[in-house]
Structures are given as structure tokens and as C-alpha cells.
């Protein structure tokens, strides 16, 4: 059973058909990249999967269960988390707080435990901290020492991207949707994030779907590549095949002329 | 279609068969002056029970709550113009009475304010009457009492500047006090003020011998409370707006010893015949309102009753419900035996001649345990 | 924090305005011979109390705005409800046991249901214990004790907190996706509704609020040859406010729900995607804001001695103004704005006695100045800062 399955999804906004008959399966442990010209509907697809939008037609299955129609926090509880193209961190909270908050929904102890500071409560707090540090450790020590308690708005752009990815992992998700994870990074940082994403899958056991524009990144880590154009899937396969597909070339070249 | 015809027919029939004399009532039944407004209404109701008919027709009271606001009073007045009442009883305060008077004078409808004391009210026109004395008398009497009888050389005056009554009365008091040789310091506040720390600070170095409060109880209660809390123990003298249970109930023992002028209660009416009538009315009042507390009965109740009585008497004297005729009859009333005293409108601008102003004092143990003591009465005829 | 912030024009201007203000003040004091040190202390006590009350109410406005970008115009009425709950708690107790039972069932039941949903108390054992506590405690208090001001204050805070949650559930939650104008109109409507309900249920008359004499007994102490007068309430208000602020700060910075609240205030959609139950957080925000307003209401009534159904109007508007002056959405801003407003009201009138009748206007003059020169408020974020 595939981890994620999209069946014949349709979504329009007013007169604009943003997603048109898109079907896709993602197996557990895969890294799938979605590429396509700007405006092709890639972020919309992520919004559909995470429950921010409801599809007009079609279904989304996660671990065999239908999830279209669930609210975003319910989708998160099922095990899907995402990062954002334009970064949407809790800018005035610290790095640590950003990575602790997504863990709350899995907790048992309530306010009574907090007020009385029961051992169970304290244990959970400690565990959450461990989890937070574990996720941040993917990025080396850079976010783990003094930066832990800094508010996010003092961080560099690259560090913010890393924090957001750690936050997504902290939700306890199995499936990560990464929306342009290397945007704004220089080639050195891009190379590094490419390795880290692979480690997410290899060491962390995550299944990953990512939206990207940087072809070298896509080529290096994708098991499969899916191409969207004007809301439709126009190609799918391994990187080499897709990149040489004449339809794909036309989509990019044709778009550039406009 | 048939339904509306039926309704229309009923209405037409109704207006013939159930011929009634309509009297409008424009009172402050909610809001800051609600207590006085309701007391006045009770007086009208008892008078209406005693005299339910005139010229063979039933008297219908149309009650409108002006909610202690000028807009509400104007709205009530407009409503009565539309409904074609003969006359309107109320309002109790000058601030609400003056705008209503302008509307009613324009439309040629009689208005008898039960307790407006600002001289301006009856000057608006010849259809506007009042049941009370005017503030030039009240202010003069109070000033004479404070300066001569209490021997105060410095008086702090607290007035509500956005109220016609309070503002005017304070002016009359101030004028007389100064004439009698006292020094005065005036402090202002507005409606709904609860915090008097600023004003109290301002009079601290003035060290007044006495304090005159010309406002209402909604502000008077916090005022007295803070006055006493801040260490001021001077005698405070107030006016008829303090004749309101909201004062002692609001601030409790802070009002103990507070002296104020007000509408005359039966004991203070000098004329023995009038006193008898007042006592009889008081008895009737407590018969009708069995659960009433002693503090619920005061001069405002009598004023309300007399406003009703005098209007009904004018209708009877005119022999018709034609408003102009009634107005003329009303303006010519002489020595009408009212329960608040003798009422004469002849030769006045609508303010009765020779009204009695009573002096009272609160004796307060707590907010739920208080009484009003009658000190003495003075007639407006005695005042120069 | 950063050099660019310090040098920003609006900060410089505020600094300049502040210095000018202080200079004017000094000149004015010098020209007033009877303005003794005792007066300054007297005014300080009054200002601290007034400012604390404004701060407590302003926090409710700012918290709700921070979470759902709504100005809760009915917050002044929540303040009023707080006063009335305490009033009835003190005047109606001890109750006849039948009435106490009825009240316990109705009120206690509502409180229990609301608390359960606010704090995730699905566990049956915990719920049962809590129910026992609430029902038992309430019945005992209502039937057997004549409640004093402290008990009335605590009960009122709880009841009003619940009322705030109900207000949100009934008036605002159904409009969650609607345009902001709809929410605004509903808030105004809720305000009118509660005012009129208050007049209907409680009677339109102004009533005296007479608390324990220990709080209202006139006291004084001497400074040099002058005396400073005060009553117990002038000590109680700042003390209670300080405690509440301390607890609030702990809650918001240290607890999970507090963190979730801050996250939701910054980006509600993403918070939801990170597993935060946004509905719960919003309800909790109303709960906390209403608790603070109730405390302010009770203390306000004790200080000024009266209650009436429309008493929330002026303090509500002023506290809202204070929140905007401090920076709407910022908790420290609300406290700063409230205190500032209290001090300005007391001290400006002290310096310019002829203005005493107009002191309500100062709040709004200040508001206009702030909106002209520093619209994000004194403590609010510089609106031009990039994310």
C-alpha cells in the first residue's frame, strides 16, 4: 500500500483550474520531487494534501485512509507535515519553542500536571526537549547551542529554513512535504541541504515529497520526479527521463517566451 | 386585504367608542435619574386612581421612558405630538425638560414638568408649565443658609457642567454666596464621573468651611464617598436632586449629616389645609403601594400627583379637550388645592407662585439603614 | 535591539516628545507653590490604582486582538459582568439551600463544561474530581457562607471567564471565516446586547457597591506637615494586579498552552498545521482576558463604590485606547498603555485643575497623537520590519 495516494484531484479557484486530474502515489521511504514552471500548482497540491484546501473532486489517501476533508491539525496528527515556500515560522518565538510546539498534540499530561509539576509531566517535558534536539541535530551543532534560545527573527535565512524543517519533523510526521527547501541558499548551503534531506530518509525514516527548482538538487536525491504544468501532470519517471522529455522541455521553454 | 380592512374598521370604531383623554408622561424611568423618575410616576399613578375620569371620559396615561437622555426626551415629545395628547407630564430634570419643551411648544401641546427647576424651562413658551420652584430661589436660599446659618466663609461648589439644572443652580448659589461676603471655589465634573480625586485635590489648599453639591446622586454617591475617604469632614449641603434613595444607598454612611433642599413633604407645608391634603395623599399612596419603604415617598411623588391633578382640573375648567382652551384654563388657575400646596399659575410664566422649599438631613447608619429628617420649610415668597 | 531600530525616526521622535513633556511638567510644577511632595505621593497612589485597572482591562483587548485580530467591543460589558457577579455573590449569600442548589447546578455545570473543553480534561477520573470540587465548593459557599470580597472576587473571576468563553462561542466563532467587518459589527452588537440584558436583569438603577469596611476605611499617613489620605483599596489594586500579571507572564512564557497561544497569535493557520488546537487556544484567550477584566471590575466597583449596567462603556473605551497606545497585540504594551493613561489622567488634572471636567478627553487626545506619530504603539513592532 502506498503511503500517500492522490486520485484524480481537481481544484479550481473561481475560474482558474489550479489542479486538473492529478494522480500520484508515493511509497514509503521514497523521495519524490515535483517540478514545473511557476504557477503550475505545486504549492496548491501541498495545500490540498495538508487539508488547507478541499479538493473539488478526487481523493487523497494516507496509509490507506481518506484524508481529504480533514482539518489541517487533524492531517498533522495523521502524520503529514510541511514547510513553506516563504517560510512561516513563529518569528517571535525561540528556535527551541518552534520545535517544541508541534509536539504538544501528542502529549498526555494536562494542565493539572503542569501546575503540580508531576513526575509524568516533567518526564514528558524532558522527552520533548530530547526530540527537539534530535531533529535539530540533523543540521549539525549550529542550531543547538546558544541559537536554541534566540528568537527566530535574528537568524539568517538559511538557519530559518533549517528550523522550519526541524519543526516539521517535530510534529511526529512520517511524510514531509518540503516546499523549496533550498530557496535562498548559496551553492555550498544547497549542497549541504541536499545531503541532509537524504539523511532525513536514510536515518530518520521519513518519506519526502519536495517541490524544487534547482535541478542539481532534484537530480541528486530524487527517486522519482513528477512534472506539473498548468495544474496537470505532464510527466513522471526518473530524473534523466523526465528532464529529456520533449513535453517537459516545451513547458519550460514555451513558458519562458511569454 | 380583508384582514387590513377589518383592522382599519376596528381602529376607527375604537377611536369613537372608547373616547379617551390622553395624557403623555415623559419621565426618566431608567438611567441615572431612574429613582426620582419612578417616584414621580407613582405619584401620577395614585392621582390617576383618585381621579380616573374627566368630562365623562377615561384618562389614559401614555408612558414614555426618556432613559435619562436628551435624545430620549425629544423622542418621547415627538411621539406625543404624533399621538395627539392634550398634555405631557414631565420630565423631571431640566436637561431633559428643556429640549422636550421646545418640541411641545412648537406643536402647541401642554407640558407640565414635574420637577424641572431651571428658570429657562418655562420661558420657552406659554404652553410650558412646571410644578416646582425655580433654582434662583433654591440657590439663594441654600446660599443664605450656608453662609449665614452655618457661618461658612469659604464654600467649595461642585457642579455638573453638562447638566442645565446643576450648572444653573450652582451659578445662583455662587452669586448669592459672594454677595453675602463668602469666598467660593467652583469645581466641575461631567455625567458619569466616578473619580473625583482631581477635584478634591484642587480644593484641599482652599480649605473650605462648607461644600455645596448641585449635582445628582449618580455622581453624588462616589463624590461623598471619596470626600470622606480623603479626610474632608466639612458640612456638605446639596439640592433637590439629592432627594433620591440612590444617594444614601450608594454611599452609605458618607451621607450621614448631609443637608439638602428639596420638594416639600407634608410636614413642611405651612398652610394647614394643604398639609391635611398632603397627609391624606401620603396615606393613600402607602395604601396603593403596600410594599413601599418610607424613603420611597417624598416631594417628587407629590409633585407628580399635582401635575396630573392640575392638568385634569384645567380640562374640567375648560369644559373641552381642545388644547388651546385647556392651556388658557391652566394659565388662569388660582389657588388650586394641590397635595403639594396651593397652586397658582395666574400671572406667572408657568411657575407656580409661593412654593415651599424644604430643608432635610440624612441620618445614615448604613446603605440599608437610613432616614431623612425634615428640618424646616421656607416659602419662595419669603426670598428676596 | 538592532541599531536600525534605535535610529528609526519614530523612536527618535518619541524620545524628543518624551523629553519635551518632562520639561513642560517640570516648569509647571515649579509654578505651583501648593504642589507639595505629599500631593505627588497622593496622586501617585491614585494613579497607580487607576492605571492598574486600565491595564487589566487593556490586556483583554490586546490578547484577543493578537489572536484573532478582533477588537472585542463587548469586553467592557465583560468588565461590568465581573462587578455584578461579585455584587450578587456578596449580597445574596448565604442563600436559601434550594436556590443555592439551583445556582450550583446551573452555574457549576456551565463552568465544568467550559473548563473541560478549555483544558483538555477528558479523563473521567479527573473530570469527576473537578466536578466534585466545583459543585461541592460552590454549594457550600453559596448556602453557608456570607461571601467576603476576596471570595466574591475569585468566584466572579471564574464565572466571568466562563462568560467570556461563551461569548466567543456564540458570537464570534460562527463568524471565523467571515470578513473582518462582520466580526466587528457582531462585536458592537454583542456589546449593546449585553448592556441591555444587564439593564433588564439587574435593573437600570445605579447601585451602591459596599464592600468590607476594611478596604474602605479612610486612612492616612503624614509626610512632613502634610497628610496623604488613602483607603485599603489603593494598596490592594496594585498588589492584585502585580500578582495577576506575574502569573499571566509565567503562563504565557513557560506553559505549553501559553506557547501555543503565542504561536497562534503569530500565525494561526500554521499553528494549526503544527497540531495546535486553535479553537481551544482562542477560547482560552477569551477566558484569560475575561478573568482579568472581572478582577478589574470588582476592584473598580470597590474603589468607586457603585455599579450599573452601563458602567463598562467608558472604562472599556479608555482601556481599548490604552491598548492601542501601548501597541495593540502586545501584552507589555497593554500594561504600559494602561498605566500611562492612569498617570496622565491623574497628573495632568493635578497640574491643570481647570481641566478636571475634561479628563476623559486626555485618553483620546493621546490616541490621536499616537496614531499620527507612532501608529504601531509605544511598544508595538515597527510596522516596517520585514519578516
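As written, the chain order gives the labels A, B and C, with residue 1 at the start of each chain.
Everything that follows uses one rule, which is that a residue touches a chain if its C-beta (ideal position, glycine included) is under 8 Å from a C-beta of that chain, and two chains touch if they have at least 3 such contacts.
Since this is a predicted model, take the numbers as computed values, not measurements.
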Any chain that touches subunit C and subunit B: none
Most central chain, Cα average position: C
Cα-centroid distance, subunit A relative to subunit C, in whole angstrom: 41
Centre distance in Å when subunit A and subunit B are each reduced to the mean of their C-alpha atoms: 76
Residues of subunit B touching at least two other chains: none
Complex contact set, residues of subunit C against subunit B: 34, 39, 42-43, 46, 50, 199, 204-208, 210, 216, 218, 220, 227, 229, 231, 304-306, 308, 314, 345-346, 349-350, 353, 356-360
Of all residues in subunit A, those that touch subunit C in their complex: 50, 52, 71-73, 75-77, 81-82, 84, 87-88, 90-93, 97-98, 100-107, 110-112, 114, 153, 167, 171
Complex interface listing, subunit C residues touching subunit A: 119-121, 123, 126, 255-257, 259-260, 262-263, 266-267, 269-278, 387
Parts of subunit B lying in touch with subunit C, wherever the complex brings them together: 29-32, 34-35, 161, 187-190, 192, 194-195, 197-199, 201-202, 204-205, 217-218, 221-222, 225-226, 228-231, 246, 249-252, 366-367
